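Each remark here refers to the structure printed beneath this line.
Per-chain residue numbering starts at 1, and chain names A, B, C and D are given in the order in which the chains are listed.
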Amino acid sequence: MNDLALADDALIAAQRLAEWCSRGPELEEDIALANIALDQLGTARLLLTRAGAELGRTEDDLAYLRTDREFRNCLLVELPNGDFAVTMVKLLFLSAYQKLLYETLAPEDDIAAKAVKESAYHLDHATLWVLRLGDGTEESHRRAQQAVDDLWPYTHELFEPPFEALREGWSVTVEPVLAEATLARPEDRWRPTGGRAGVHTEHLSRLLAEMQVLHRAHPGATW
Amino acid sequence: MNDLALADDALIAAQRLAEWCSRGPELEEDIALANIALDQLGTARLLLTRAGAELGRTEDDLAYLRTDREFRNCLLVELPNGDFAVTMVKLLFLSAYQKLLYETLAPEDDIAAKAVKESAYHLDHATLWVLRLGDGTEESHRRAQQAVDDLWPYTHELFEPPFEALREGWSVTVEPVLAEATLARPEDRWRPTGGRAGVHTEHLSRLLAEMQVLHRAHPGATW
Amino acid sequence: PSGALHFDDLVAAEQKIEPRDWMPDAYRKTLIRQIAQHAHSEIIGMQPEGNWISRAPTLKRKAILLAKVQDEAGHGLYLYAAAETLGVSREELVNLLLEGRQKYSSIFNYPTLTWADIGAIGWLVDGAAIVNQVPLCRCSYGPYARAMIRVCKEESFHQRQGYEILYTLSHGTPEQKAMAQDAVDRWWYPSLAMFGPPDGDSTHSEQSMAWKIKRFSNDDLRQKFVDMCVPQAEILDLRIPDPDLRWNKERGVHDYTQPDYAELMRVIKGDGPCNRQRMEHRRSAHEDGAWVREAAAAYAQKKADAKKK
Amino acid sequence: PSGALHFDDLVAAEQKIEPRDWMPDAYRKTLIRQIAQHAHSEIIGMQPEGNWISRAPTLKRKAILLAKVQDEAGHGLYLYAAAETLGVSREELVNLLLEGRQKYSSIFNYPTLTWADIGAIGWLVDGAAIVNQVPLCRCSYGPYARAMIRVCKEESFHQRQGYEILYTLSHGTPEQKAMAQDAVDRWWYPSLAMFGPPDGDSTHSEQSMAWKIKRFSNDDLRQKFVDMCVPQAEILDLRIPDPDLRWNKERGVHDYTQPDYAELMRVIKGDGPCNRQRMEHRRSAHEDGAWVREAAAAYAQKKADAKKK
């Protein structure tokens, strides 16, 4: 398994989730989103440190001094936050995937073992909200369905070789949630890809510009 | 006169106006906004080059390697674009000011002399739109009035010493436009300031992060 | 009334007033106003620091800052809960904030311009908050006192983090040191102003003292803060921007320059650099979340209805 | 009809058909479709390049890029005007685009990932556009031919600017050179695909040839483009990502690898990397501008009414 891909998934997801800070629909949710962002960031740091050890680079070297062409995250995590429905559907898709992936790596891999538990919590949280939004009001249903339709294509990239086998477990997790939330599962058509090879959307370089600006402005400084 | 303050006004205004590119309300307006952005950028380049000559720095050194604390633009130009009404009211306020200022510097100052003509065009363009928006539909009136109310306080900074004397000429230009556009001239109360001393809003450092990211990522490179 | 006697006895005996105890209306109102303002401050205070989460210069600093801002949301949460024990709902209080009828601490109407501001906020703003709040841990109203104990514990953690940021910067590159000094220069006087107007001009204070909500005067607390900061600034190797700051042997405290109280009044009235921005941010977050809260309520209702059947 | 004879004569004599001349319905429809698609391409094409205006690495490059994207808006404007001479309004055409019933060039459904992409788009995409468009300057329909003369002049200017960006990068730091090569690697095949499907699979072509709208086949133009690029790539010191690219002495042209036409078809059908993003951007710009257009119309109406009185 490529630590860098997993690390970048977690890091970029954390960056996006942290954008919600002080913008959540309620105070409790602000706290929950920050929690999940902190979990993702924590896992990213452990994975980056491990990946960097082989390359003689620190977690910060890897986070702050690579360009978007060198990032290996899936496209799903770099997409803009959109509304709360987009964020929660994205988290549902992502955490179901991360949980499965970490489970296959644990228990030998101690970082994955720790991350499994956290992913389970993220998945629970996202599930709860997708149910509320899908089966809430007319407006929330409409928004949730739109989010599912828009994001579904990006889930194919998660199960590209050698991870085809995980798709079934993922579907078994995700599809019943959509069904209970009265949300239609989209057809499998468009399959955007490229993230694992460093060919991202136009969104990532802008995200990194903001994330890296201060670090890059002071080469070699200690913080 | 401080070239840097004028240059930074023009540069930051150009950066904001260019954000409209491909987002204008109609094709003709996309072209017009790009034109105005190009004029502002052109003036900024001339002024930065002149200011840099004394300091042994190039226009790009000054544009790309200063932090927001070193920028001397007024706060007005760094505020987010908002909707089209905000952009046009801002342009009205700014171009009326720039025109007066350049007029006082011309004809001895050849950069100012060139910029006067351009400012007159910007002012005409903004005037036309403020009339249309103020005296257009109910919605456009509401948005235009909101823009005037929100931006008016930032005009005080333009006429801080030693430019108090310009305020009257500015009022003579701007207030009849507001009146004809059926827009109320706000009371003079809040007077946000700090730009000329490098104490900006939180918006500027984000604008600069984006503007400078590529240049800073490749120290010393030629483009 | 016997309730009043009991209330006075409890306060005199340094016992806690609890929600179900009788209390004077004015006491209740004062507390609601103060606790709500405190809660609002935590919530609005998330914005200036939140401004730098996306740009934190290392991942460790990013995690620390995000956790800190999250703590502030948590403080807001239990302060609103403390206020609710006095018979108002969080929703009412939030609306009072959004309508501009309740205030939050003026300090959050200043912008965070550089990373060093995160350090300065931790050191000075959290430092001032702690000096203000430690006495509140002995406040006569039980739920507030207990909330403050928890808040203070976390705040002092935050203050150490801010101090550490500044220390690293002031011992870093010349640019970093300049950044740190610049932040202290901008945040010093607004932090002094956090203690409120000078004692002579302070309303509410006397009654609050009698009720043992407040324990020290504004000026006493301000002095305490100054005396605390001076030696810390030395270790930080940063200059407090006050040419008249010096030890007064006779008084056994530091003489210092007062903050600009006229500026404080302007900011309180709404004309600080960021008042509009902070309120606009909070209002739009609240409005953007309306459909989410409605969905959650509708879903809960559906589940409740289903159970009844 | 005599109109038809006249039309055929004009076309045969390499004369221009003008708006008021009789023309076959199918000719008109073909032209509307083609000119509109061309206009839409200019408008959508503003997005990938516009993506880098805010981040251009020098002020000079920023000015050049902004002016270029502005030119594209201008091209869109006079191409819509050319289409309008055929009896459709710009508004109708814009709606057909927004409803997805008319296309734009597939090339703009690829993302611009680095600054070097701005160079590669100029060199390759504008280069391919010029090869495509130069023959259109002799198109049988007058207004289109005249618009194309103006467009081509500016496009060749843009192409030189793109070439110059790549040249600077490929002769710059190792990172810049790598960035330039990477951009060429990503844009080469999509640029080849701009000439459309291979001649065998191309619909419309034969009739367009007879009408002298089209002058050369897709494959002929593609070949011309490849032959043009090879020597330029050598001067740029950049590698065209085609291991089978070589000079064929017998044919007097280069052999080269065909682009992936299955990919082209997917992108045309709507499944390229950025189709949804481009359309969403255009739709929201259009919707966001609705109140402005309404205000302008209402104001114009008021002024007109006032004049009448």
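Going forward, a contact is a pair of C-beta atoms (placed from the backbone, for glycine too) under 8 Å apart; a residue touches a chain by one contact, two chains touch by 3 or more.
This one's a predicted model, so the numbers in the text were calculated from it and none came from an experiment.
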Practice task
Go through the assembly and pull out the chains touching chain A as well as chain C.
Solution key: B
Problem - Interchain centroid distance [CA atoms averaged], chain A/chain B, Å - result: 39
Practice task
Would you kindly tell me how far, in whole Å, the mean C-alpha position of chain C lies from that of chain B?
Solution key: 36
Problem - Inter-centroid spacing, chain D versus chain C (mean Cα positions, whole Å) - result: 58
Completion exercise
The positions of chain C in contact with two or more other chains are 55
Problem - Where chain B touches two or more other chains, by residue - result: 67, 209-210, 213
Exercise for the section: Classify the chain contact graph as line, ring, star, complete or other. Expected result: other
Problem - Interchain contacts (touch definition) - all pairs - result: A-B, A-C, A-D, B-C, B-D
Problem - Contact footprint of chain B on chain A as seen in their complex - result: 67, 206, 209-210, 212-213, 216-217, 219
Exercise for the section: Could you please specify the touching residues of chain D with respect to chain B in the complex? Expected result: 43, 46-47, 50, 53-63, 66-67, 69-70, 73-74, 76-77, 80, 115, 165, 168-169, 172-173, 175-176, 281, 285, 288-296, 298-300, 302
Problem - Contact set on chain B toward chain D in their complex - result: 11, 15, 18-19, 21-31, 34-35, 37-38, 41-42, 44-45, 48, 59-60, 63-64, 83-84, 131-133, 135-137, 139-140, 143, 210-211, 213-215, 218, 221-223
Handout entry: Footprint of chain C on chain B - complex, ascending
Key = 67-69, 150, 189-190, 192, 194, 199-202, 205, 209
Fill in the blank from the handout: Touching chain B in the complex, chain C uses residues 48, 51, 55, 111-114, 182, 186, 270-271, 273-274, 276-277
